[in-house]
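Here come two complexes built around chain A, the first alongside chain B, the second alongside chain C.
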Partner chain A sequence: MTAYIIRRLLYAVPIALGVSIVCFALVYIAPGDPLQTLLPEDASAETIAMVRKAYGFDKPIPVQYLIWLGKVVTGDFGMSIATGRPVLGEIVKALGNTVLLAAGAVLIAFTLAFILGTIAGYRVGTPTDRAVTGFAVIGVSVPNYWLGIVLIIIFAVELNVLPATGMGPRGSDTFNLFDWNHFRYLLMPMVTLSLIPIGIIARTTRSAVAEVLNQDFVETLRAKGLMEWEILLHVLKNALPQVLAVMGLQFGYLMGGSILVETIFTWPGSGFLLNKAILTRDLPVLQGTILVLAIIFVATNLVIDLLQTAVDPRLKRG
Partner chain B sequence: MSMETSAPLVSVTDLNVKFVSRESTVNAVNDVNLTVNHGEVLCIIGESGSGKSVSMRALMRLLPERRTKITGKLEVDGQDVLALKGKELSAFRGGKAAMIFQEPMTALDPVFTIGNQIAETVCRHEGCSKEDGLARALELLELVKVPSAARRLKAYPHELSGGLRQRAMIALALSCRPKLLLADEPTTALDATVQIQVLILMRKLQQEMGMGMIFVTHDLGVAAEIADRVAVMYAGRIVESGTVQEVLTDPKHPYTKGMLSSTVHGNMRGKDIEAIPGSPPDLRSLPTGCSFAPRCPKADDGCRGQLPPEVTLGPGRIARCLKLDDAPPAAKPERETALA
Partner chain C sequence: MKTLKRLAAAVSVTAGMAMAAQAANAESVLRVAMTAGDIPITIGQPDQGFEGYRFVGYNLYDTLVLWDLSQGETAADIKPGLATSWDIDPKDNKRWLIKLREGVKWHDGCDFVPEDVVWNFERISKEDAPQFNVKQFADIRNRTGNIDRVEVLGAHDIAIVTKEPDALFPYQLSYWFMISKCRLTELNNDYEAYAKAPSGTGPYKFASVVPQERLELVKNESYWDPNRIPKHDRLVLIPMPEATTRAAALLSGEVDFIEAPSPDTIPRLESSGMTIVTAPYPHNWSYQLNFVDGNFKHKEVRQAANYALNRPEIKALLNGYMVEGYTNVPPSTPYHGKPSVKYEYDPAKATELLKSVNCYPCKITLAISTSGSGQMQPLPMNELVKSQLDAAGFDTELKVMDWNALLDVGRPGREKNPEIDGINISRALQDPFSALIRHVYTKQHAPKGSNWGHYSNPAVDALIDEIYLSFDPKVRMEKLTKLHEMMVEDAAMLWVAHDVNPRAIAPNVKGFVQAQSWFQDLTPIVVE
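And then the complex of A and B:
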């Protein structure tokens, strides 16, 4: 098992390098010159050349990449062009806010979807199943920014019970999860964000549970006298690897922060940061954020993979 | 080898099982009567689709309740099986009656160890601790002659061969000393040599533990090996039953005769029931008369017009046929050597 973990970690290295190349290449893929946003329109050629040099844009591309990579692995993502502050600090702050939001959405989505999916999988073809499946389809198909706007209209504008945007009352710098005055800001973005994962995970759980229930061994479990709830535990353990795979992907997406949802609710997370960076052509922030998110994604998949292996002995690899 | 006990261990009276769906009704089991005494082995033989597995599942109440209509009376050791609910049903399954399935590859939960699966059963029925359950599981694996049992206790099903898995299944089934063991073609999926070993083991354990057993098979050789009595099933009905000697050496029903004549000249062991011309009737629309009539060389309008009643030829010796009288006695000596 340890050997397997080490091997998987080594596999992750080329993936991470590939991702870093793509992030780096963004500078050249993106249309326009990032320096233009930085400089006044009438900047002289010397000023442009000076800034170009200061940002390292004058060297050959592979060299630029290696320099950039060398800094990145030590946590130096450069300075934000827009704010002039270190990129790492911006990312860490945004990521913290996203984690808060994503964790809430994950908690809601995974629990609810797992329960709904299990119930539906146990009753394939019944009205209960059809209701859950219908709900899941809606969850997947309704654009979440639309739901966000609808929620804002209902709860913020019409009923005026929840704040429409932001992350805490005016003037407060830190977010306190256990204070209702803060928590109410989290509520709508969290629900909005959980909609899609609920749909996807509920559907996966349903089909996984239904499939396991069709397997022969369930009859053996009945024949040996287990009660239905004990059989359910067996069924869930068998269905879990499949569900975990999808949960992992969703977790990765949620950690990336939804650009749309965070922007609608002006939740200062990683999606919001990305959006801002794109609008202001803040390439160092863009590069850094994408890289960190991609690494988180790779790491999540790694963890899920190991979890699956722990649950299903048939997957035990080397 | 039937023990003379006043009440039989299993008594099935007029069992009917229908699978009802919107499109059709499948008459899988029709008016089946069976008895099995304590310590006795009854073999049910019949071709594919004749309702053998459905009868076994009915006895364990394993059929899907929503789509199945079961009528008749099922009694095991004085308990009315069809009336069992909740905890009682749990205690019955695996406690009083246990079942072994055909496919050892898929019958065990792939994500739990063999030891845990056996221990779980023991704990459910005897309320012991997990350690005691595992200790008992080890004893059981040794009982069914699983080599290096202690290591196998921690193995997952996919790490064992088919033969070992089926032994583990047997250990699981025997874990709470059931009075009745239902074995649905437990050796069909195994290699020939392994098949014999498992068969001998089952016979030995059945005798040692004094269990009653219903053993379903396609294989006449297996039946000859293990059965005390034999019931022949055709299209959801028992068409003939008697002691293994009687049925295999002196068959009365044309179906049994046809089935035996196709195997009698060679070695019976390892042979499936060979094709009799034609195919069994559609269980969704059974003929009004004898279900075997369309394939029967002796059938006449009488056979097609009415369902033959059970004719009792002796104690426990029954055949469902209108043409029994013109059945010439079969040539005995050759077949008896095959059975010896």
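And then the complex of A and C:
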């Protein structure tokens, strides 16, 4: 197992490199110029040339990439072109905020979806199943930015019980999860963000449970006279690897932050940061954020693989 | 019983006094939701376009020449700032003699002295100066590129020598913010540290900043202009790029003042008691045209496009929140003049003009963006413009791209994108150079300047040369008026709209006067 983990970690290096190369290339292929945010609309050609040189954009693209990579391996992600602030600090802060949001959404989504999916899978074809499936379809189909706006209208504008935007009351520099005055800022974005994973995971759990229930060993268990809850435990254990794989993917997506949800609630997470960086072609921020998110995604998948193996030894890798 | 009543009265009086004292001590806070996605940088020249200038630049800092934003009846013009007067040297038309305001102090307590202006000039021009900052250089270079040197003449006098004579030079000074030499030197010229402890001479002092979340400023009790000492204690600036979110934040009481509510949320805001303020301002939603490669090189085609537009219909699309753009500057601009043509909706005339130059249907390609600073509602507006142009005989193709990509098309000029006949980049018309000269002067051909489509007209160039040498304001105004009239008659652009910049304000916020400017003065606002 240790060898497997080391091998997977080593695999992550070329993946991260590949992601960074593709990302670097894509940003250059896309129309636009990172210097647009720096320069006034009628900057002269001489000014543009000087700034291009100062930021190193006058060098060939492969050279720019290698310089950037050389700094990144020493932990220097450079400075944001738009704000002049260190990129690493920006990423760490934004990711911290997204982790808060994603963890909350994961907690809601995984718990609710797993329970609902299990009930539906256990009662296929019944009104309960149809109700859960309907809810899951709504979860997948309703755009989360729409739900966010509806929640804001109900709870912030009409009822005035929750704040519409931001991540803490005025005067607070840090977020305190255990203080209601802070936590209330998290509620609506967290619920909004959990909607899609609820739908996806509930549907996966339902089909996995229903599929396992049709297998012969369940009949055997019943013939042996096991209680229904004991049978359920066996079924869930067999359905879990499939569900875990989907949960892992969803967790990875949530960690990437939701551009739409974070923008609507003005939640300064990685999605908000990425959106800003894309619009302004802030290359150092864009590169750094995507690299870090890719590493998180790879790490999440590794953890899920290991969990799957622990749950179902048949999946054990050599 | 009597004692009880006395006791009750005493308690009530004490409670009343306590409440009054609390009310007197309560800090009045103005919370503003900006359209920006982040806090504008605080190191002098702000980013985030003119919104950064509006909320951070002119609040933390002063310029030598300021804008008079005290009224909304006419277009804002310049007024004395850190300079109390500026005159051209009678012996040298490239040398401006400037008298500096006495008794001004930086927020850090140092005195404002003439050497500060020299130091600030080096900060944005001298590459080997320790205070030089390339980002600041880039941001202000188009305004200060004509400055040759700054000389100290006395305790309160300086001279600014320009490379070329420029009668409009004082306008350029209105964009150049002065930052504290004391503070930056104390921080070893570290701009990252300075951004967290900036020091200016403006009506607000820096209090705190949480990047991406909020910037807090407090009133400068000892501001040099007593009329502009803020009438509230604290100003909180919050970036909120999503228009729906800004409206919701105002309705739920989280902010008091929002920028640019979308037209469809305005009825809801009004029904909740919010005040909507609007005013025409020097903004131009138009198309700069390609005068060399495509069909717009013919004056008849340019005029046809202008006649083909039904601007009242476009205004209805925006629920009335625009001024019809028949000319380059809004009619309230002092140098608007009386152009001999007015491009009122006349599709038959447009068709006739197209046929007169054998361009029917007349193929054109317009580069537009999906969003962007000052772009209003670019997609529905452009769709409507296209349908109106096509109805008159054009065959219009819209080339849609994101804002940054459109800027990248706009900056290098028509030579790099000869297949594009027009670009829809909204322009600020804050001063005569920005409003008129840069779009039609041959010396401003892109990429050197912002004459994107390479408009060239010897008569126009000669007039602009005269403007630069007209130091008498009355003579200069006559020439600027003539220039504008010539631009309109020659259909130097396809004009569509001037924004009215709606803002929504909570009922407890009083005293705001919307100036006809990109910049606004928040200091008179009282938060009840």
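Everything below uses one rule, namely that the second predicted complex is superposed on the first by the 305 of 318 C-alpha atoms of A that agree within 3 Å, B and C clash if a C-alpha of one lies under 4 Å from a C-alpha of the other, contacts with A are read in each partner's own complex, and residues count from 1 in each chain.
As a convention for this text, a residue touches a chain if its C-beta (ideal position, glycine included) is under 8 Å from a C-beta of that chain, and two chains touch if they have at least 3 such contacts.
Small disclaimer: the values here were computed from a predicted structure and weren't measured.
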item	value
Fit or clash between chain C and chain B when superposed on chain A	fit
Which superposed partner A:223 touches (first chain B, second chain C, both, neither)	first
Touched partner set for A:167, first chain B, second chain C, both or neither	second
Partner chain in contact with A:313 - chain B first, chain C second, else both or neither	first
Touched partner set for A:47, first chain B, second chain C, both or neither	second
Partner chain in contact with A:211 - chain B first, chain C second, else both or neither	neither
Which of chain B and chain C A:129 touches, first, second, both or neither	neither
Partner chain in contact with A:76 - chain B first, chain C second, else both or neither	neither
Inter-centroid angle chain B-chain A-chain C after superposition on A [Cα, multiple of 10°]	160
Greater residue coverage of chain A in the superposed arrangement, chain B or chain C	C
Shortest CA-CA distance between chain B and chain C [superposed frame, angstrom]	49
Where chain A meets both chain C and chain B, residue numbers	none
Residue numbers on chain C that touch chain A, as the complex places them	29, 31, 37-38, 41, 43, 47, 134-135, 137-143, 145, 191-192, 195, 208, 210-214, 216, 236, 238-242, 244-245, 248-249, 251-254, 401-405, 407-411, 425, 427, 434, 438, 444, 447-450
Residues on chain B engaged by chain A in the complex (per definition of touch)	60, 62, 86-87, 90-95, 98-99, 101, 103, 106-112, 120-121, 124-125, 156, 158, 169, 172-173, 175-176
Touching residues on chain A, where the partner in the complex is chain B	215-217, 219-227, 230, 234, 237-238, 311-314
Residue numbers on chain A that touch chain C, as the complex places them	30-33, 35-45, 47-48, 50-51, 54-55, 82-86, 90, 93-94, 149, 152-153, 156-157, 160, 163-168, 170, 173, 263-266, 268, 272-273, 275-276, 279-281
